[in-house]
Amino acid sequence: MTIPASKVAEDREASRLRAPIGNCPNPEGLLQYEPRLRIDVLDRLRNASVLSAAQFDKDLLCEISKLSAYLQLRKYKVNRALEDKIMAAAFFEPSTRTRLSFESAMLSVGGNTISVADAKTTGVAKGESLQDIGQMFNSYADVVVVRHTEQLAVAELSEYLRIPMINGGNGSDEHPTQALADWYALLKWRPEIAFGNIPDKFKLNIGIIGTPGNMRTVKSFLQLALLFHENINHITIFSEMADPLGDGLRELCDASPIGINFSRDLQGSLEYLDVIYMNAIAFLGDGYRFYSEDFQLNADSKLKHDTVILHPLARGEELSTDLDRTQHNLYFNQADGAVWVRQALLLAIFDRVRNSVPDNLLI
Amino acid sequence: MTIPASKVAEDREASRLRAPIGNCPNPEGLLQYEPRLRIDVLDRLRNASVLSAAQFDKDLLCEISKLSAYLQLRKYKVNRALEDKIMAAAFFEPSTRTRLSFESAMLSVGGNTISVADAKTTGVAKGESLQDIGQMFNSYADVVVVRHTEQLAVAELSEYLRIPMINGGNGSDEHPTQALADWYALLKWRPEIAFGNIPDKFKLNIGIIGTPGNMRTVKSFLQLALLFHENINHITIFSEMADPLGDGLRELCDASPIGINFSRDLQGSLEYLDVIYMNAIAFLGDGYRFYSEDFQLNADSKLKHDTVILHPLARGEELSTDLDRTQHNLYFNQADGAVWVRQALLLAIFDRVRNSVPDNLLI
Amino acid sequence: MTIPASKVAEDREASRLRAPIGNCPNPEGLLQYEPRLRIDVLDRLRNASVLSAAQFDKDLLCEISKLSAYLQLRKYKVNRALEDKIMAAAFFEPSTRTRLSFESAMLSVGGNTISVADAKTTGVAKGESLQDIGQMFNSYADVVVVRHTEQLAVAELSEYLRIPMINGGNGSDEHPTQALADWYALLKWRPEIAFGNIPDKFKLNIGIIGTPGNMRTVKSFLQLALLFHENINHITIFSEMADPLGDGLRELCDASPIGINFSRDLQGSLEYLDVIYMNAIAFLGDGYRFYSEDFQLNADSKLKHDTVILHPLARGEELSTDLDRTQHNLYFNQADGAVWVRQALLLAIFDRVRNSVPDNLLI
C-alpha cells in the first residue's frame, strides 16, 4: 500500500495543532513544595562526571528534577547559557535516541557539539587505546558523553581524561541519565513520592521487568528507586534468571526497608502494580532474547486504572502501541523529559545554574 | 599521475578570485515585477510540513522564489533568525547533497542541527517503528527533514509527529524542495515564465528525461511545471516505460492546457527544447539502469543556443562535463539555489520572515 | 575484570583537578621576542587554501604560532569571530582525531560545521566525481577541510572549488596542518629555534622515523624543519627504504645546509637526538606494516634526559605508555596544540585576526 506524500500533507494540515499523546504530567507539580533550588546541592555536580546512579542521593535527584521542571516549563531563557562550551558525543555503540537527546539538550542551552556516531570511523578501529582517546577529548571538548558496549570503557577512557564525562551507557553496567529521566517522569506524575508522606496503603508498588544485575537501564533505575523507600511499599522484579541482582545490588537491596521479591508471573501481578518498568530484552546467561508473551503488555492487560508504564525505548512487541493513547503511557513523557534532565545536568556541571535562573529562586 | 598539493596550491593562488561556472542568472530579475513579499501567502507555511509539490500553487512558489532571491542577494542579515530552533536531519537513505544542503541552510539562518546520516546506527536497525521514531523527534527538534527509501515512510513517521516535517525524498514518490529549487533556477533565468506574458511562439518547450510516475525528482518537477501553463507550450517526456505517468499524474496532465507527449528520440527533439530536465537513471520495471547513449548530452549535442539544462545531481555519463562551462549549464546554479530555497522555507515555517526583512518589504 | 562506573566516579572525584600529563611548555615563551603579530604576513592567508607545507616560510609559520599562542592563552574572546561562517569537513578517509580537531577549532571561534565522516554515504559512492563534489561545496560552506586516501583528490576537488580548502591529508602526499601543529609544539618548547641564535654545540639534532617520500605527516614535518636550518644541526631519517625522500624532497634536502643522513639504528642514535618524530607505520613498497622492536621507544630507552618525542597519533606499540608521564612526552601537547593552530588558520583565512586581537597587538 502506498500513501502519497500529498495525502499525508492533507492529513497533517488537520492535525497541525494536536496535543501530545499519553500521560503528560504538569511539571508545576514538582515545584509546589519548595519552588526554590538548593544551589549547594546542585553545586556538587560542578565539574563532576556523571557515571553512576550511586552518585545521586535523594536531595540531588530532587533538585535536578526541579531544575528540569523549570527548563521544561520554559520559564527562563537559557539558549546561550553554554555558548562557549563544546560537548563531544562519543558513541562507540550505535544509538540514535541517546545521542540525539544529548545533542538536542546541549544545543538548547547554546552549546556546541561534535560527534563520533560510529566506532568504525574512529581511532579505535585503528587499534588506538581508550586511554589515548580519553586524552584526545581533553583538547576537543569541555564535556564528553560516552556510550560503549564494554563496562570497562568508562574506566579506561577516564584514565587520562581531565574533563567531565557523562556515562551514556557502559555495557551492562549503568545508564545514570536514563534513570534520572525515569524518575523525573515519576516525580512529575506523583511528586509526593519525593516530597510528601504517602499513607501506607497508597505507597507505591513497582514492577521491574528485567535483570538488574545485567541490564544497565534497570540497574540504574533500581538504585534510584531505593532512595524513595519512605514512599515505596514493594518492588517486584520479573526475571527468569537465578540471580537477577548480582552482588553489589543485592547488598543494597537487602539493606533497604523496601520489600523486594522476584516473580515470573507478570500478568498475575498487574492488579497491584502502580508502576511497571518495561524493557525490550532479557539477559538470560546465554545471550539476549526477546520476552515471551507472558511479559507483554497491551490495552487488554489487566492493569490498574492508574498504573503507569515506563520503557527506555526502543520498544518492540513487549509494549503494544494500543497503549500509546492511554493514561498508562508515561513512556513517551519519560523520553521527552530526558532532554530537560540532560540540560539540567549540563548547566550544573558547568556551574551555569546561577546564570540561568533568577537569584531569588536559589537558596 | 600525481599532482602534489604544493602544485595545486600554486594553481589555486592564481584562481582565487575566479567566477562561478555556467549560467548564473541574477536573482534581481525575479524581483523586478513586484518586489514586495506577500506575507499572507508565505504565512500558509507557518508550522506546516512540506511534503509534496501539490502543496504549492503558483502564488506560493513565486513568493518562496522571491524570498529566496532576497536571501541569495544577501540583502538582509538573517544569521540569527532561527537561533533558538533545532532541525533534525533524518536520512535513512544515504545522501550527501540533500543533507548538507539542508544543514547549511539551517546554520545560515542561525539554527542548530542534529543528524542521522546512516540508518544502520539508528533505532530502525533495532527494529523500532517509524511511528516511534516520529514521536522521538517531537522531543529533540523543532523541524525534521526526512529521506527514506520507502514511500510509506513519510506517512508512518507522521503518525505521532507534532513538529513540521520536510520531505527530503520518500522512495519514488516526491522530492518537493528539489522541485522548488529547480523552478527557482528557471524563474531566475526567465522570470517572465511566472510574472509575464510570453508570446505564443516563445512559450517554453520543456523536455523531461525520466519516468515521472516512478522518479520523485521528476514527479515533483512536473507537478510544479503545470502551474505555469500560461507560458509553457509543450512538455515532452522521454521515457522507455509504457505508462510513464501513473494514475495521479496522468489526471493532472490530462486536465492541463499544456501539450504533453512522450518520445524516445531525445537527440531529434533537441532543436526545439528550451529546457531539458535530465536525470541519472531510468526506472524500467526491472530495476534501475543507466541511460543509453541516446539519452546523453554533451557539447556536441545539437542544443538550441539558449537551451538550459537542469539535473538534480549526482550526475554520471548522461551529462558530460564539457557542458559545464557553457551557458547551457543551469544545473550548478540549480544546486546552489537549493540552499537559499531551503532557508526561505525554514524562515516561513517558523514564521520568522517578518523578523528577517524590513516591514516595508511586506504586503 | 570489571570496574563498575560507581567506582570510577569515586576515583574521578579525587582526580578532578589533576594537571595535564607530559611536557606542557608555556605558550608565553613564544611571545617574549616580538609579542606583536605581523598582520601583513598573516594576510597572505586571506581567502587562501592551505594545501602544502611548501606554502609556509619561516615568517608565516612563526606568526601563525604566535597567534596560536595567544589563542591557547585565552587572552582574547574569539568565540563569535566566525559566527557567520560554515566549515565543511569532507572526510573520505576515516579519521576521528583530525575531523574532531577541526570541528572543535571552528566551533571555538563561533563558526558552524557540516560533516561527511564516511565516504560510503556520499555521492562518491554513487560514482560522483570529485570535481562535482568540489562544486557542491561552493554552495554549502565557506571553507572545506578534506581528507582522502588518494593524492590526486586535492587537485580533483579543486577544479571547480571556489572556496578555500584545507588539506587534512591527501594520500601519502601532505598533511600541512599537522606539521604546523608539530612545529607549534617545538617552538613552544624551545622558541629560540625560531627566534634566537643557538650556539653550534646546542643546535638541534632531529630524528625522523619513517619514509618522508611516502608518508604525509613526515613529509610535511620535514619540509617545515628545513626552514629552521640556522638552528638545526642534523636530521637523521630512520627508514628501511632505499629511497626515503623521493625526488622533490631530495632536491630540497640537498640544497639545505642541514646535514641529513639515513640510518637504521634508532637505538644507537638516541644519545644525541634532541627531538624524535615517531610514527606508527612504515611504508615499505609492499604495503604498510608495523615497525619492528628496533624502532620502539619506552621508558627504558636510552633517551637524552631532555629529548622530546612527537607522534601524530594514533599510536601503537612503537611508543610505550610508560613514557606518557615523563617530560619526553611532547606528543600529547602536540595534539592539543593542533586545535589552537587550526583556530589561527581559520581566523587568518577569513581575515578575522583584526577582529580577534587588539589593534596595538598588530604591526
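Letters are used for the chains, namely A, B and C, taken in the order the chains are written, and counting of residues starts over at 1 for each.
The rule is simple: a residue touches a chain if its C-beta (ideal position, glycine included) is under 8 Å from a C-beta of that chain, and two chains touch if they have at least 3 such contacts.
Here the structure is a predicted model, which is why all the values come from computation and not from measurement.
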Rotation in the CA alignment of chain A with chain B, degrees, nearest 5: 120
Interface composition of copies chain B and chain C: same or different, split at half: different
Chain B and chain C, separation of their C-alpha mean positions in angstrom: 40
Touching two or more other chains - residue numbers and ranges from chain C: 117-118
Touching residues (chain side chain C, partner chain A) in the complex: 1-9, 11-13, 16, 18, 20-21, 79, 91, 94-97, 100-101, 103-104, 107-108, 113, 117-118, 313-316, 321, 324, 332, 335-336, 338-339
Touch list for chain B against partner chain A, complex: 47-49, 51-55, 83-84, 86, 88, 112, 114, 116-118, 120-123, 125-129, 131-133, 135-136, 138-141, 151-152, 154-155, 158, 160, 162, 165, 167, 170, 173-174, 176, 248
